[in-house]
């Protein structure tokens, strides 16, 4: 079990150092609360509101597309693992390549569909347009 | 064998008329003259002719059991499911009865429905056609599954026809009650059918592979069947009781008789069809059809006899106090089917079949007669509003009287011979070492007295005395289409009993007992030897332990005749003469007569109040409270628990997740503990 | 210093139970989804370890499938949660109770 | 002829052709929508969808008729045999019915192409579920069925009911699939295998980890029970069926449920054979017995008290899952298992027609603007007699009244249960059937015997809905004479599973 002692010690140290530093600094520093300190830092810009704003829904759409296509690509990974050994074993190139082409083809159909249906176009919402003209 | 080739027509003809009427109802409601009656009449008359032909063929020794259509051959040792025809003396006889009554009912409907300008006639005739076709299909069924299918179709048709006047309040609920109560019995039947298949691998009625034959072989040890861990006899009895469940529901036996009086809400010709030849008869016919199976099971037989005897008595007492003419007839039907069950349970296969036949004639007659009275009375059914119809409707009166004499069991009308034989069989088998039958016999005997009483009370109140209302003074006339069926049935109700006059045969040595001979022989075909009354007699003797004592048929016949006459006389003493109230008004001075009338009235009140009413009321309370109560409790408990159960569905998806998790955990625990994972 | 298989089973079971607890207690649809992701990943722990334990890659490959399908599920789920937000003005799963019993 | 056609498709096993046709049809629909996203020609889309599903139906039917031999394809990942083709028949016919019916339903909707594509993707998933031969393909196929289904249920984006239904379906579904995956991982932990035959072989040596294996098996059972809508995994069903567009309800409650059963039959018969699992203490038969009894009872009891027809049908569909579960619950080592399982399959087949038909009738009523409660149906027969006759056929058939198809399937099912010695399952089923007659007959009574409270105006006779309702009714009736071949086929292919 002694190897676990090392792991535990690492944990203790990992938690202890930051805690200790924060404790030390709070004991040493002067405490001057001021409004500017708790204000949102926007690189010098004056913040227009809180950080808890609602994002435009289209951020999610793009993010969703990304997540899906990104994760689907993971499925190419097992194929690449067997690709070279299988070729060396004498499996015909077509047999090896065709399934992956079909897979990617289906993904492409989906992507093109999403594209044509306007999933990646940035449509300014009426409200956003209104706000823009007002400001 | 030409006749047998045409036998499927017996079923198909009314079925075609059903389609014609349905098609007419959907596309061209007015295309058919008489609202579709004529195709129905033609079809049922055609069935009757073919049935006659079949009967002649059977008389000449012809028998057949053939497969018409194979549903499924099954895989491996799974049984075949087939449609098959079985034509033997029993089914040939029943075919004649059903097709005859159905034809007459169709004709009568011309007067009862068409002439009264009812609407929806195509629907009515479609129902009648399907009803007839289903019953005929049931009669020719060659196996239990096919019988069950048609049995259910009969129930469905009764639902459609009882609820014919669905815009009124009563008929739909009566239809529903009839449907549900009989269905309740049928579910037992269904399980029974499945059980028969599982046990014997076949549900055929006839032949060496038939399930009665296999059952017999299994009891002697010559064949092995699956009995699911029960003793052979015990398991067979369980099956017998399950099938009996369907019979009790359809034949309106205690305690599932409650639907039948309500079913009077349907049109009267339908009542005639239901009670005389089709739905109610189906139950008794089913037992007769597989009598070779029941004859092996003394427990079930005793139960059948007791249920029958009790129902006969119980229904007869309730018939004593009813006001409406059709209600009296309804209770008499229950009572008469009780006799048939008694006959079957007591080993009187021929007697019960005989009573089934005579009852079909005289009860159809009585219902049609009542229908004629109802037409005349402008659809008023209260007997206390009638009286004196004798002079105004002579044909109806005479035929109705013939039917009543038959119902009451007065010699020489048909009912006497058959009822007497049923009671005789119960008595001789009871004395021959099955004392339990004596109790059933006793109940049947007492019921004879009551039957005589209520029958003649009905006749006297309806036809005799003075008219009590304006309606009864000027009744509506009835046409030939009402009278002709009445006359045909009147003749049959008078003479049908001569087919099997046991006491006369004993006394004089002739005429022959035609029905006994008809049912006793296999026509030289050994495959049908298992379906004869001779064979049933042997089975009853060997397995049910029924033996007979030597006893003259004459004395018991005289006893029951005496009781019937006593009952009839009682009714005569109470209800003969003119109506008390009317009488008092007209002859205010005639004090003696008034006194007599008063005395009658008092006596009647006393009799009903102190004897009959409490009895009936007790029966009624029992009926309403216990029997209906049980049924209602079951349904309300179901609905209540249903309402509780649906509350689980709270609509909050988190709760579903909780319940799902808990359910899964419970499953894991149960399987885990039983499977020893945690050991 | 091989870690015994039962430890991995316990780890994945613990993850799974945390997920279940989240499902049972959270009313926010997004957190509900995240809890389910946790349960899926509990399964992935099993797959990855036992793939190595049995010496075949079936389990590891399958865990890739699980990840991909989880992403697809999230995509559908976010879509449904969006229309939920529009119709019920919130993402509280206990609010949508127009149908019950 | 078929054989020739099959030779020309490289890389696709001929038995997979029905599934491939379904998938290609869905892709084709996507393609059409891609070319012209704004203007959907509903007739074209509907035609393609119906054509594709009918082609799949014909292919599956002819392969089945030709006596397709069981062939594992793609390294044992899928198994094409009679069972998979039989179920493909069910899925393809329900898909065709639903596609035709949706024609009228979608008339005023957007995203019609997506609707049809999703239906066909789900159908593809279902036929793969029926062909799954490995836990991996089983899970992927199940998700391929589920994900489009979630979207379909929530299809009416602005309708509160539809969205709520979609949410509940999705959340419960996600939970169930997490349970399923965890179950699979435990089975993999205990056996180190994914394909069914390998698991069955490895079970011999897994005696000392029976607990892990058993837990996994029960969790897998839970995961597929979600698809079947069996108690206690049914909670989504009443709401999803009630809130979803009625054609989708019909699709889910018939085809998706059947797919759940197909998968369960495959997994449990193939991977955990009764004669091995039960002695080990992994008594999944017991699990299904509990589920069957609970499902039958709860479904029918809850249905009996419903006033909303769609919800009543939803609960009745839960009840029918209970009947079909008898197929798994009445298995025993050395029993007539093929008969039981085949009877259950035949019941699902008949059920596919009658239940879809009933939901499509509800769709028609919704189309006319008739309300959803029983009272709103009063006197509908006077206005729409033909459709009401069809609905009556469905109701009586669902109740198991002869002479409709539902009677035979239920009869054969109960008979098979009795034959295997599980008479008590048949008894519970029979009692529940009796209760079910009560609520089915209420619908018939409302249609025919009650007076309409408000005069009903029917503007248009929707062609598509009429065609599909009548086709379903015809199917229910034709299965009367044809039931023999159906049940024989089902029992033959089921026997081949053991």
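First chain written, first letter: the chains are A, B, C and D, and each begins at residue 1.
Just so we're on the same page, contacts are C-beta pairs under 8 Å (C-beta built on N, C-alpha and C of every residue); 3 or more make two chains touch, one makes a residue touch a chain.
As the structure is a prediction and not an experimental result, all values here were calculated from the model.
Enquirer: Identify the chains adjacent to both chain A and chain C in the sense defined at the top.
Expert: Of all the chains present, those in contact with both chain A and chain C are D.
Enquirer: Of all the chains shown, whose C-alpha centre falls nearest the centre of every protein C-alpha atom combined?
Expert: D
Enquirer: Between B-C and A-D, which chain pair is linked by more C-beta pairs in contact?
Expert: If we tally the contacting C-beta pairs, B-C comes out ahead.
Enquirer: Please report how many Å separate the Cα centroid of chain B from that of chain C, as a whole number.
Expert: One centre to the other, that is 64 Å.
Enquirer: I'd like the Å distance between the centres of chain A and chain D, where a centre is the mean of that chain's Cα atoms.
Expert: Distance between chain centres: 39 Å.
Enquirer: On a C-alpha centroid basis, what's the spacing between chain B and chain D, in Å?
Expert: From the centre of chain B to the centre of chain D is 43 Å.
Enquirer: Between chain A and chain B, what's the gap in Å when you average each chain's C-alpha atoms?
Expert: From the centre of chain A to the centre of chain B is 79 Å.
Enquirer: Quick check: what residues of chain C touch more than one other chain, meaning two or more?
Expert: Each of 23, 61, 65, 72, 79, 93, 96-100 in chain C touches at least two other chains.
Enquirer: In chain A, which residues are in touch with two or more of the other chains?
Expert: Counting only residues that touch two or more other chains, chain A contributes none.
Enquirer: Touching two or more other chains, which residues of chain B qualify?
Expert: Within chain B, the residues that touch at least two other chains are 646, 649, 651, 653, 657.
Enquirer: Name the touching chain pairs, would you?
Expert: By the stated definition, chains touch in these pairs: A-C, A-D, B-C, B-D, C-D.
Enquirer: Applying the document's contact rule, which stretches of chain A touch chain D when the two form their complex?
Expert: Spelled out, the residues of chain A in touch with chain D are 95, 98-99, 106, 109-110, 112-113, 116-118.
Enquirer: Quick one: in the complex, what on chain A touches chain C?
Expert: On the chain A side, the touching residues are 3, 57, 60, 64, 67-68, 70-72, 74-75, 77-78, 81.
Enquirer: Can you check the complex and tell me which residues of chain D touch chain B?
Expert: These residues of chain D touch chain B: 167-168, 171-172, 175-176, 179, 210-211, 214-215, 218-219, 221-222, 231-233, 235-236, 238-239, 280-284, 286-287, 290-291, 298, 301-306, 315, 336, 338-339, 342, 385-386, 401-403, 407-408, 411-412, 414-415, 418-419, 421, 423, 426-427, 430-431, 433-435, 437-438, 441, 445, 448-449, 451, 481, 483-485, 487-488, 491-492, 495.
Enquirer: Would you mind writing out the residues of chain D in touch with chain C in their complex?
Expert: Residues 136, 139-140, 143, 147, 150-151, 154, 157-161, 163-168, 170-171, 174-175, 177-179, 181-182, 184-186, 188-189, 192-194, 212, 238-239, 242-243, 311.
Enquirer: Give the list of chain B residues in touch with chain D in this complex.
Expert: 26, 69-78, 81, 145, 148-149, 152-153, 156, 163, 166-167, 172, 176, 179-180, 183-184, 187, 190-191, 193-195, 197-198, 228, 635, 638-639, 641-643, 645-646, 648-649, 651, 653, 656-657, 659-660, 662-664, 667-668, 670-672, 674-678
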